[in-house]
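In order of appearance the chains are A, B, C and D, and numbering begins at 1 in each one.
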Amino acid sequence: MKTLTQAQLKEWLDALAQELTLIAPVNKQGKLLYRQVHDSDDIAWGFERTDMSPKTWLLPATEPILTIRQGEQVQIEETPAPQAKVVFGVRPCDARAALAIDALFLHKEPSDAQYARHREATTLVGLSCPQMWDSCFCTVVGGAPNATEGLDLLLTELQGDGKETLYAVQTLTEKGEGLAASMPGLEQDVSLPEPKLTEGLPTLASGDTFRAHFDDAYWQQVTERCLACRACTFVCPACRCFDVRDEVASRQPGLQVFQRLRAWDACTSAPYRRIAGGHNPRPTQHARLRNRFYCKFMYYPQDFGPLGCVGCGRCIETCPVNIDILEVIAAVEQLAASEPWACEARAAAA
Amino acid sequence: MTHINPMKPYLATIAGVRDLASGIKLLQVRLDDPAVSSSFDYRPGQFVEVSAFGVGESPFGITSIRNGNDELIEFAINRVGTVTEAIHRLDVGDKIGMRGPLGNGFPMEKFKGKNIVVLGGGIGGAPLRPVIQTVLQNRSDYGTLSIFWAARSPDLLVFTDEYDSWRAQPDTELQLTVDQATPDWPHKEGLITTLVEQVAPSADNAVSITCGPPIMIKFAMLTLQKLGFQSEQNWVTLEAKMKCGIGKCGRCNLGEVFVCTDGPVFRFDRVEGFLESFV
Amino acid sequence: MASDSVFEPKIVGFLCNWCSYAGADLAGTSRTPYPQNVRIIRVPCSGRVDPLFVLKAFQDGADGVMILGCHPGDCHYQQGNYFAQRRYALMHRLLEFTGVETARLHVDWVSASEGQKFAQVVTDFTEQVRALGPVAIKRQREAAVLPAQEVVA
Amino acid sequence: MTAVEQEIRDAARRYLEQGEVNCVIGYERGPTGKARPAFIYKAEDADRLVWSSDCNLNLVSYLHNYKHAPRRGAPVPKVAVVVRPCDARAINLLLHEQQIQRENVKVIGVACDGSEVDGQVRSACQVCRDRIPVIYDVLVGSEQAVEAPEQQDDYADVVQMEDLAEGERLEYWLQEFDRCIRCYACRQVCPGCYCFECVAEQVDPHWTSIAMEVPEKYFFHLMRAFHLAGRCVACDACEAVCPMGIPLSKLNRKLAKEVEALFGYRTGDDPKKAPPLATFDPQERLRL
């Protein structure tokens, strides 16, 4: 396996930054965000969990998907493919989240062209976690701190013997191979350290269990404190709901230019489903918050394959009123244990 | 690599506009690209996303059937929000964008040989018109056709100019009702459910097809049940807030079902199994 | 209006229907010249002008916003301009605090008979905003969709 | 368990036992050890209530969920709410704005000695002069309340910003707003932000873009701050919940400073006094 020192890694990253867009976690007034960097010294080395996920670079918070020029003729232009970019320092959970979004945006017909362009242009260079941090629960949803799925390269920090930090490089895809070709380093036999796992986490109940407890009073109870903000969905690496709207970019005599913007949206906010005329088909907050959990643990896996949650724990840390998705998982597990007949009853009713 | 962008609309030109009812316009459009236009095939019950450039996109049920070489596509547009208002301001010759056809549509083949009961409420009549047209064009393939057409008031009834031609067909009846009649209204006054219960179409070898506001669908289903219709005989087309129409944006789900890609047409027994209520 | 010549600011003027709009009319009918940078929006009362309008104007590309109403005591609705006065006294200070020059927002009282004053206010304000250059908080979309030389300053 | 905690539990239990309220809104300990809002319906659950220095939301916001009868014909629910002195001002604000009825709300006021975050007294609490809530039905912890600082709030942090050059101030706010993700947590947590449809989300008219770009964020935060001019109670919940750590209270405090200087008004002193932007004085001539 190839190994390289931190100095070599920085050198390699600096070279990458010269030729393409290099994105890495940086510290912005105390918040760890994935931003473009031009110098590897700007990277927040030693970061744990970032405050925002690298989702921003695959499904940007706002992006024009079409440009519409309306003059004598109407022209509709697609947004050109983005420049090649490398995201460095992707945590394994976030890479699995990208796979979850792929399942819907790439593999479910029709695939989303704009997302596909971002995906093609992007290489994900992972950095495995030495341990599960506070609120992390990737192991509950099928991941691991050193999982390789979805990554092109995975770097693992080796236990140093007091000397300079050493990284072991796992090459996982052709894309990763291409990128690693320019990487300095030394081929040597190393054993990768086992990450430290958090014990005593709950077990995720099956989709059927969730189905059986859809109408449980628990959902109203857990929602009571919900403020109906959108923080949990925006920090989530796997939430993918969006809004689309045309907006004026330029208005001149004889030519109007509009952009069709796509921006993140959140099923937890009240206006999300409100339709013209004011009717809201999902009128209660408990139905909205419940939808978020059900989407992640039941609808998404059933409709598209992967779970809609990767256990990064960001929503737990971010929620202003401490609505804890891990507590929800545990509660559903408990509901299932206390009412084992519910699954069959629901199936019979349906 | 090039990608076919499902979010990119085709350009279309408005070929005709007429008032259908109070606040509702019928738009006839033709796709600009002849190749796209000639291959643009759709079934009753499918919908398209119509763009009013600079304002946005909204889903509308297609309210016409494809008639050989006549490639006009029709929608009924009720003025309720920003997009529909912008579309109402357009005129013949103006450009719109169109994506589709989207959704599943009615399985008209399956309905062959059956008696058809159609329940349309208000603008909900729009996606049912192609069903009626299909039955009438292939009259011998289907059994009797009973149309129950309702609206809040007489000026909100859609396709009034076609009633006579529908009635003129063999084995076809049309029943009209409004919630609030005007003095000159010659037909029934009251809810569509009352009317259906009075006329009591037979459930034998019949299918019902309903479109209207969710609350009307809910009560129509109860009424049909009373008349002996099984849920498997009842077909509905649902509405939901949609943005993308292709199952990505996550806005239209009822439980694990996406109205835009799995529907909007559902057999009612399936709807009964939805986790989330459609009402 | 090419970009290399002198900067022509875009100015949005919210004019009260009863006094200032009539004042502007008077300036027009008496052929008093004033800069054409101002785009006038007639409002029923200066009290109708929500600070939201000001922020939106800036966002949509205005470099300066002026709100003209009746003199205190002369409001057609008795009190609208008093509300406006309080509102914009605060708004000015908030804009200043967030780094937008207060000189970009001008609130003044112009009566129906003050055509001259209207022209003077518009002239002074236009020059004041011209000196400041373009506003920093406007959307940058135009540049993204038009070739550089076509972007109207 | 502290004495304050015990008093809160006792008050909650009493209210529920005597049927004076349907629900008590307080704090409980979440699974990660953080304090979080709790809704207590049964007297025996009152022991879930806690009080600690990280109870830094404003629970008065939740009263908006209890304004209306749950169904036609049912009575409007009666609730008790645990408040700090700053939160209590929001009760006066909502009373003035006729959002709540006094008879439907019981106020469990907690005498405050400032809440802490990570062992540091929050900046809002350092300058706060309130120790006893302006309105309460039950007062707890009064003997523990520390002396209020004699010195008046001098808005030193605001003045420091004001003293920066114009360009520096703009740069500062653009940097801060750049991080904003428009999650609207600041708006949702605020007791004074209760519009049914916020201008930030209104579709018709479409005030602001859905884009997460700095001009829209600037628009949103200024608009929000302005809507709270003379209405902000300085509870600082907006800043406490911001996932991006944006110093929102600076905006609110700037306006509070100006409102105090221009109109001599402080939010929530008296439910009968209108906020300054909802009233006027014909004699007044202000610098514009």
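The rule is simple: a residue touches a chain if its C-beta (ideal position, glycine included) is under 8 Å from a C-beta of that chain, and two chains touch if they have at least 3 such contacts.
All of these numbers come straight from a predicted model, not from anything done at the bench.
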| item | value |
| --- | --- |
| Rounded Å distance between chain A and chain B, as computed from the means of their C-alpha atoms | 38 |
| Cα-centroid distance, chain B relative to chain C, in whole angstrom | 49 |
| Mean-CA-position distance for chain D and chain A (Å) | 32 |
| Multi-partner residues of chain A (at least 2 other chains) | 243, 245, 247-248, 265, 276 |
| Chain D, residues touching no fewer than two other chains | 203, 206, 209, 213 |
| Chain contact graph, described as a line, ring, star, complete graph or other shape | other |
| Touching pairs - complete list by chain label | A-B, A-C, A-D, B-D, C-D |
| Complex interface listing, chain D residues touching chain C | 158, 161-162, 166-174, 199, 207-209, 213-216, 218-219, 222-223, 225-226, 229, 251, 254-255, 258-259, 262-263, 276-277, 280-282, 284-288 |
| Chain A - residues contacting chain D, complex | 28-31, 33, 51-52, 61-62, 134-135, 224-225, 227-231, 234-235, 243, 245, 247, 261, 263-266, 269, 271, 276, 316, 318, 320-322, 324, 326-327 |
| Chain A partner contacts - residues on chain C that touch it in the complex | 141-142, 144-146, 150-152 |
| Footprint of chain A on chain D - complex, ascending | 30-32, 34-39, 57, 61-62, 175-176, 178-179, 181-185, 187-189, 197, 201, 203, 206, 209-213, 240-241, 243-245 |
| Chain C to chain D touching residues, read off their complex | 51-52, 55-56, 59, 72-73, 79, 82-83, 85-101, 106-108, 136-140 |
